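Order of writing sets the chain letters: A, B, C and D. Residues in each chain are counted from 1.
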Amino acid sequence: MDYQKILEDIYMEIQPYAGKGAQADYIPALAKVNPDQFGIALRTVSGDSYEYEKAQTRFSIQSISKVFALAMALSMRGEDLWKIVGKEPSGTAFNSLVQLEVEKGKPRNPFINAGAIVIADMLISELDDPDAAFLGFIRALSGTDTIDYNMEVAESEREKGYLNAAIANMLKYHGTIKNDIEDVLMFYFRMCSVEMSCTELAQALLAFTNCQPFDYAGFKLTSSQIKRLNAVMQTCGFYDEAGEFSYLVGLPGKSGVGGGIVAVYPMRYSVAVWSPRLNSKGNSIMGMKALELLTTYTQESIF
Amino acid sequence: MDYQKILEDIYMEIQPYAGKGAQADYIPALAKVNPDQFGIALRTVSGDSYEYEKAQTRFSIQSISKVFALAMALSMRGEDLWKIVGKEPSGTAFNSLVQLEVEKGKPRNPFINAGAIVIADMLISELDDPDAAFLGFIRALSGTDTIDYNMEVAESEREKGYLNAAIANMLKYHGTIKNDIEDVLMFYFRMCSVEMSCTELAQALLAFTNCQPFDYAGFKLTSSQIKRLNAVMQTCGFYDEAGEFSYLVGLPGKSGVGGGIVAVYPMRYSVAVWSPRLNSKGNSIMGMKALELLTTYTQESIF
Amino acid sequence: MDYQKILEDIYMEIQPYAGKGAQADYIPALAKVNPDQFGIALRTVSGDSYEYEKAQTRFSIQSISKVFALAMALSMRGEDLWKIVGKEPSGTAFNSLVQLEVEKGKPRNPFINAGAIVIADMLISELDDPDAAFLGFIRALSGTDTIDYNMEVAESEREKGYLNAAIANMLKYHGTIKNDIEDVLMFYFRMCSVEMSCTELAQALLAFTNCQPFDYAGFKLTSSQIKRLNAVMQTCGFYDEAGEFSYLVGLPGKSGVGGGIVAVYPMRYSVAVWSPRLNSKGNSIMGMKALELLTTYTQESIF
Amino acid sequence: MDYQKILEDIYMEIQPYAGKGAQADYIPALAKVNPDQFGIALRTVSGDSYEYEKAQTRFSIQSISKVFALAMALSMRGEDLWKIVGKEPSGTAFNSLVQLEVEKGKPRNPFINAGAIVIADMLISELDDPDAAFLGFIRALSGTDTIDYNMEVAESEREKGYLNAAIANMLKYHGTIKNDIEDVLMFYFRMCSVEMSCTELAQALLAFTNCQPFDYAGFKLTSSQIKRLNAVMQTCGFYDEAGEFSYLVGLPGKSGVGGGIVAVYPMRYSVAVWSPRLNSKGNSIMGMKALELLTTYTQESIF
């Protein structure tokens, strides 16, 4: 399969979507990114790599960080994790408090904000230095030592993060989180603030693609755990657009409001795409379209 | 892969779950089935077939019929179908009216009752003789001419079907269904009342497995449409246990309160399993466990 | 107090609201009423009566009938009634199914549709001839033998009554109603179809005003029961505008989509007002304003 | 009317309820109160005063403070206040976040926690020294200079106040509150921590009873404003038990989790009752019963 040509064809094909949608602008640090950028990178399990356009430009990975945090928590807590966070699609927007109130503080899944905040709380409980561990894990996964937090982004998000603070207080009220609310929120926002490029993300996701047991920076997952993490991405990775992404793209994936999307085709390839303009559900418009074309052109999806 | 041995091993392995759960008993016709039965059948795309225990005993397929009805509607309406029925997981029980009220009469997906009632309405609108067409389609898919409705079951379900009648009235109020409420409900219940065996279901599902364009009894689907139908099964096939099934089994599938479950492993095999005792979510306990073991033993799933 | 002059002044004062809002038009029989009519009638406990404009024109009392039905059910069932229907304000629109699903089929109060349908079911259970009894009761209360159903209205409402049919099916599903769904719905719609004038309504409500034990057509209420019925009107009589009416008018009252509103000032007077144009909540615009001015001009309200 | 005898009779009559229910114990300062106390005080508009048992024991007035805060805000903001806070009953528990999310940050009424937090925010915006003003107002109303905050209670409540913090963050997210979240919450909790006796509360509520225009510590309300404030108490003063209180007692009133309840019979009397053991809705069991008996024995209620 000539993946390089496919990536280039995709780029041509999605030009009509350029300029559609708007980038996240609720904090200045995100708003000042040039919204008209696009990058894509693909890594196969056999070791080949392809990329096009701004594949090496770093951006705020935001909610994509939830995949890494979940992997760490799963490694330490195992199946017990699911007693505290569900693994069902939410059926509602990523930041809904209604579900949390009705279900007495148990978040639907680890990829909505409430669930990710609980995962952050678990990491704080389990780890002496959660920041060092988190950065160590993603640096090991991507083979790049320079990946880091953007503290300006993290602090701005906390400052405006009233809804996440509401969620965290609600979780504390229900006893779902154990640590200090401020500590949990700041760690959550720091993880979201990590900056990576498509190339680095595709590399990092490769570990979830070949489904071999892994050990990165001491965090181990079995083959079965990796498959199950992929299954959760499939059903819950796109908030209330999970069905749409599954339908159009047919791969497990995770998006972030920075405009990035990662997806894995188990046993074949991982792919990361980035373009800051978002649709009304908070997912990258050109990114969604690019991945839809990828599975159409390659005639390959998990279904 | 020695599928026959795997099916037999699975049967041994799930014996501890025998007698757990209760069969559906809201209508006498379902309650009088011997609950302690189990059957399983598997068909590979290369033409091999395997089965074990009561694989040839027919049972009420109930909601599994929604897969066939959706295929027919998709064949006739194409992508326009999704303007009227969504394709997002519901996040709530299969019969929730709350979602329908909040979203002004648009059902979340075609596999919750509201969505399937809308699909039934579409088939009535599009077809001169919807009953003949529906039976013709599943007979063609399964290669068995004797498959038929169980009218006693259909009429009993209508008689006790207050909640589905509430849903149908709500849909009519919002203008989502076009035909007479009674006609739509009765057609819906007739489709649910179809009786098939695991062997017949596995054969019928094969058409969704090899992902080749098909034409059965005049209903045609493209390869892409089949894949997308599988994607909807993956995200929406198990009501509020969709994430759990995806996590444990890792295959697109659909369950029915008669105790049947079908699943497909695209490009590999289709499988049907049946055992009447259900968990609290309305899914077959031994069936769920059998499919979990199948993907564990074969080390194969879509993830 | 010169009530006659007050009624006339009110009529002048509310002219700026003439032509605002729209009458109920979901059935032809209601849509063909001339919307630009207004009538008001007031009866004091000391026996004086006042009226102005179209006070003697009959109109469809619609939900005002729920006050009479509740009085009858309370007379026969006593306090046990409240085990089946609540007496709390609903906080949502009059026809919401969400509350019914969440609270497992117990309607919030007897003045939302769900509650009134349950009251209709009780009357059918308790009475040999519920229609004769209902008409007998309101004829006795108002001292007018010619009050009757408008069967054209009742039948039209049933024909378009998908939402009420959804509610009735939901109630049947939860076991809250005992009789045949069609029988209950038709009786409910017949009660709503009754036609009375402001003069007749003011007279009928007098029995709830002086708070003396009463016996009309065999239906007896104690003084305490009457006061409590008034209390329910106060908190629940105006759907999701109950607080607004209480705030602006300060009297227990009940509205109907035919444009009528009744209110009682315990120990002083009953009042009925009618004008078909409704606000977005389904309450008569000129009627609401007229009653607000009545308590302002008289400087009298229960608060 | 021999109110003194009635108060004494009531006390005898409610003895069977002694020991039923449990006092609020979510903070140590509330839990350490002897729960088996009861006090009642009544003041007539003609100047007579009656009291029985522990009528002079001070207790934490908690949500009763919301009446005073609303009076102050209404005095300064007038009718504009209702653009930001509704005046409809909530239909749900006092601390529900669901309503707030669905209605985009506008609290249903000023007596649920969300609404009271918004009122606290308004007072901070309008007043140079909101604490001095609040204490000044209630000291003037009750004619007692020693009324004060209990800072230990206020601080304990903030410490455990996760749910109120969730609400405040949600309000900030929707832009409903303007000031710093911590400042608003602490002021809210300080107001709740005020300690008063039944005697003092009955005196303070007298201003809302005779419905004469008033001016206390510079806060002025017209007769119409007072009546309307009473109307809001009637429909919203008891959370999801507003209908029950209206039905059983028939007076506008407000309860607090400290076990206090105040009620007014416009133009007749104000009454305050206190007993710490609460029912499942958070209202004083003996207090509710005492007030029900008061209107039964006097044969007087607003209905």
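Note that in this section contacts are C-beta pairs under 8 Å (C-beta built on N, C-alpha and C of every residue); 3 or more make two chains touch, one makes a residue touch a chain.
Because the structure is a prediction, the values reported are computed rather than measured.
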Length of the shortest touching-chain route, subunit B through to subunit C: 1
Name the chain whose C-alpha centroid is farthest from the C-alpha centroid of subunit C. A
For subunit A paired with subunit C, centre-to-centre distance based on mean C-alpha positions, whole Å: 55
Inter-centroid spacing, subunit B versus subunit A (mean Cα positions, whole Å): 32
Roughly how many whole angstrom separate the Cα centroids of subunit A and subunit D? 47
Going through subunit D residue by residue, note those that touch at least 2 other chains and give them in order. none
Let me make sure I understand the interfaces: which chain pairs count as touching? A-B, A-D, B-C, C-D
Of all residues in subunit B, which touch subunit C in the complex? 96-98, 100-102, 162-163, 165-167, 169-170, 172-173, 181
Considering the complex alone, what residue numbers of subunit D touch subunit C? 86-92, 99, 108-109, 211, 223-224, 227-228, 230-232, 234-236, 240-244, 246-248, 250, 252, 266, 296, 299, 301-303
